[in-house]
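Residue numbering begins at 1 within each chain, and the chains themselves are lettered A, B and C in the order written.
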Amino acid sequence: MASHALGAAYMKSIFPTLVVLLVFGTVGIGCRRTSARSVSLLGSTSIQPFAEMLAERYAKDHPGEFVEVQGGGSTAGLQAAESGLANIGMCSRSLTAKEALVFTSILIARDGLALVVNRENPVVKLSVEQVRALFAGRITNWNEVGGQEGPIRPITREEGSGTRESFVRLVMGSERIAGRALTQESNGAVKELVKGDPAAIGYMSLGLVGKELKPVAMDGIQPTVENVLAGRYHLVRPLLFVTKGTVNAAAQKFIDYVLSSHGQSLLASEGLVSLQ
Amino acid sequence: MKVSPVTTQRIAVGFMWMLTGITLAVLVFILAFILVHGLPHVTWTFLTQSPSSMGREGGIFPMILGTFLVAGLAVLLAAPIGVATAVYLSEYTREGRLTLVIRFGADCLSGVPSIIFGLFGFVFFAITLGMGLSVLSGSLTLALMVLPTIIRTSEEAIRAVPTSYREVSLGLGGTRWQTVFYVVLRSALPGISTGIVLSLGRSISETAAVMLTAGSALRLPRSLFDSSRTLALHFYLLSREGISMPNAYATASVLIIAILALNLLAYSLMRRFAVKATR
Amino acid sequence: MKRDKVIGAILLVVALSAISGLALITVFIFREGVPIILRVGPRQFFLSTDWDPSLGHFGILSMMVGSLFVTVGAAVIGVVFSLSLAIVLTQFAPPVLAAALKPVIELLAGIPSVVYGFVGVVTLVPLIRHWLGGPGLSVLAASIVLGVMILPTITSIAIDALEAVPRTYLEGSIALGATRWQTVTMVLLRAARSGLVAAVILGMGRAIGETMAVIMVAGNALDVPRSLLAPVRTLTSNIALEMGYASGDHRQALFATGVTLFVIITILNTAALAVSRQRSGKRHAR
């Protein structure tokens, strides 16, 4: 009886201590992620679906290679590249001068920035001027831009979004986006919202628009890949893989794959403007 | 016109029954909405396959494993530590200012929003300690999140055990530890296990804190240091981005059934131990 | 006896590490968050509606108002439905039904918040948009969803409070000729008042800490909400939306938001504790 009680007693008290020691030991020993044989990408939600596709195709062609993709937005991607949280940061806007000093950026494709409205919205074209006024809150009714009477609901992205940053640079200029704009945290979320709300207008990656939304012609030019390639459609931004310092071999392999004809043709087939 | 009290009663009670009915209807609606849309898609292949094309096709096996690892490890860490702490606070120390402060602190921390734990975990575990977005970061963060709750509920359960039990045990010659282990803990077991199961449920449902500590990788994690996506997070991403509604509903169904099963287990555990204890 | 001492020592070590771990978090959060509040100035931080991290403007007033509106809205719904539920279950429902319904209410507590948010987005938001106007993503939507979410919390504490009222009070009232409803309003609710208030306060504490469901149905606009139908951003949503990419001052400002939430919840918890202690105090005085 005594030994049985002892055994049970030790179990109950040693166990938690062991667990605590185990945790701290693991923490102390294995802190730095072993990123030797894995590739991690983090960042732009515009690039994320395409990176996922590439990762899947890559894993099929190169079994044993482990590529993992996460979202978070372009700025998060840059920070992840800097802190080592990820091997490659995904960024859907061009780097600032300060950032260019710290990071190396690799252009993997170009992407149009499309203004999208609900399919029920009769408006088919807008000028850049109008879009700016609309998002700044100076125009508030659809009938001011050729649509049916009703309030305009602009949808914007979170601050760290490369898409938002590109939109601000290309369209807004120095004007601020209205405080009453609804904020969503990814291209997909913007798409879902515009899909459901006839009065909504948002901006998103051209490659992700799909058939369920109506992209709006800007200054008379339709947002299509052809028009981007021909230089007619001006709202374009670079899609970048961003790294800091030297890249490990596995990551370099993946980057090479993305830049190869395999990777580029996949991106082109999905609606991005590949590098020819 | 004077309304008779009986009439007032009829109206008031009728109104409250109506509100009760609405509440139950809402509950049933939420469950039915998810399960009706989702259960048809929950097949064996769905549960055992990996996702492809960002979750549009394929299954959710990595998410099931991820949830299991992140939430399971969190509770595995927090439960023994939390119960041991509760035992120490209530049985081995005298009631004083220190214990009051600790109890108040645990109460406050158990009410602190999970996003704050997530922020802490992201900055401390993922970045400062260099664990990155991983199962380990996620479960350590969740463990810290549920620890105060486990400490509090265990402590309350232990203190609810009548002093007479302890006196009898000590009177029969038992040591303090024997008293604690064989008498107090046994009697407090229903309350303690309820707290633990509740914390497990909370860990499984947690999304915001997990997103930035365990990350959202779709692949099967190879080790504790790999990122992994939980069921709740997968459901959130699938539905939010409109990637695949059928799969979203199916994921939510799996999640809800798991939690319902957990609640059922907790309930039956409580009844079983309660019966034993009162004997 | 020696074993006992060893075990006692081990327990002490475990307890100390647990407590120091939790203290570490608290210290960490305050250490990261308080300096920026002081640097920006408490008046600027708490009373300015200008939140623009790229310009270094950190004013959380509109988020605080957002959290306030949404929490109060949820509390209103919570009070109405939870109280009715608690009263019905303890006073008017047959015991068998009450026993069966209690775990069902607990079930509501187990549903993940992302599920609530999703059902809200898919069913409630379009309804509000269609019938009441506005984007649908609004204070109203968030209040309703949160109200449903805190129902189990308020209901279970309210039931405890109601059941704690001595039967003699109720029996005395009936003996004096009052109807059951009159007993409820004039005796039961009065006697359980502090417990009920504590229940609502704790429910509000839960509501203010909710993140995911709110992000999904509230619209996350930066402006201070002007009406029930306006979109809103809460303190918790703000942290969740921005923590992935915030760095430097911005990240510290998010920690400062966390500090604010921590303090608010501590105040709510203390209030609930004080209120419920008042109840037992009253009883002893009698």
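Just so we're on the same page, contacts are C-beta pairs under 8 Å (C-beta built on N, C-alpha and C of every residue); 3 or more make two chains touch, one makes a residue touch a chain.
Keep in mind it's a predicted model, so treat the numbers as computed, not measured.
Ranked by the number of C-beta pairs in contact, the top chain pair here is B-C. Chain centres here are C-alpha means, and the one lying farthest from subunit C is A. Centroids of subunit A and subunit C (each the mean of its C-alpha atoms) stand 33 Å apart. Taking the mean of the C-alpha atoms as each chain's centre, subunit B and subunit C sit 17 Å apart.
Residues of subunit B found to touch two or more other chains are 80-81, 84, 177, 240.
Residue positions of subunit A touching 2 or more other chains, listed in rising order: 9, 13, 16, 20.
Annotation for subunit C: residues touching 2 or more other chains are 3, 7, 11, 14, 17, 244.
Per the touch definition, subunit C reaches subunit B in the complex via residues 1, 3-4, 7-8, 11-12, 14-15, 17-19, 21-23, 25-26, 28-29, 32, 80-81, 84-85, 87-89, 92, 101, 103-108, 110-116, 118-119, 121-123, 148, 151, 178-182, 205-206, 208-212, 216, 236, 239-240, 243-244, 251, 254-255, 258, 261-262, 265-266, 268-269, 273. Only residues 5, 8-9, 12-13, 15-16, 19-20, 23, 26-27, 30-34, 38, 40, 42, 49, 52-53, 56, 66-71, 83-85, 186-189, 191-192, 195 of subunit A touch subunit B when the two sit together in their complex. Touching subunit A in their complex are the following residues of subunit B: 52-54, 76-77, 80-81, 84, 126-127, 129-134, 136, 140, 177-178, 181-182, 215-219, 222, 224-227, 240-243. By the touch rule above, subunit B contacts subunit C in their complex via residues 5-6, 8-9, 12-13, 15-17, 19-20, 22-24, 26-27, 29-31, 33-34, 80-82, 84-85, 87-89, 92, 102, 105-109, 111-120, 122-124, 144, 147-148, 151, 175-177, 201, 204-205, 207-208, 212, 232, 235-236, 239-240, 248, 252, 255-256, 259-260, 262-263, 267. Put simply, subunit A touches subunit C in their complex at residues 6, 9, 13-14, 16-17, 20, 72-76, 79, 153, 158-160, 176, 178-185, 193, 196-197, 199-200.
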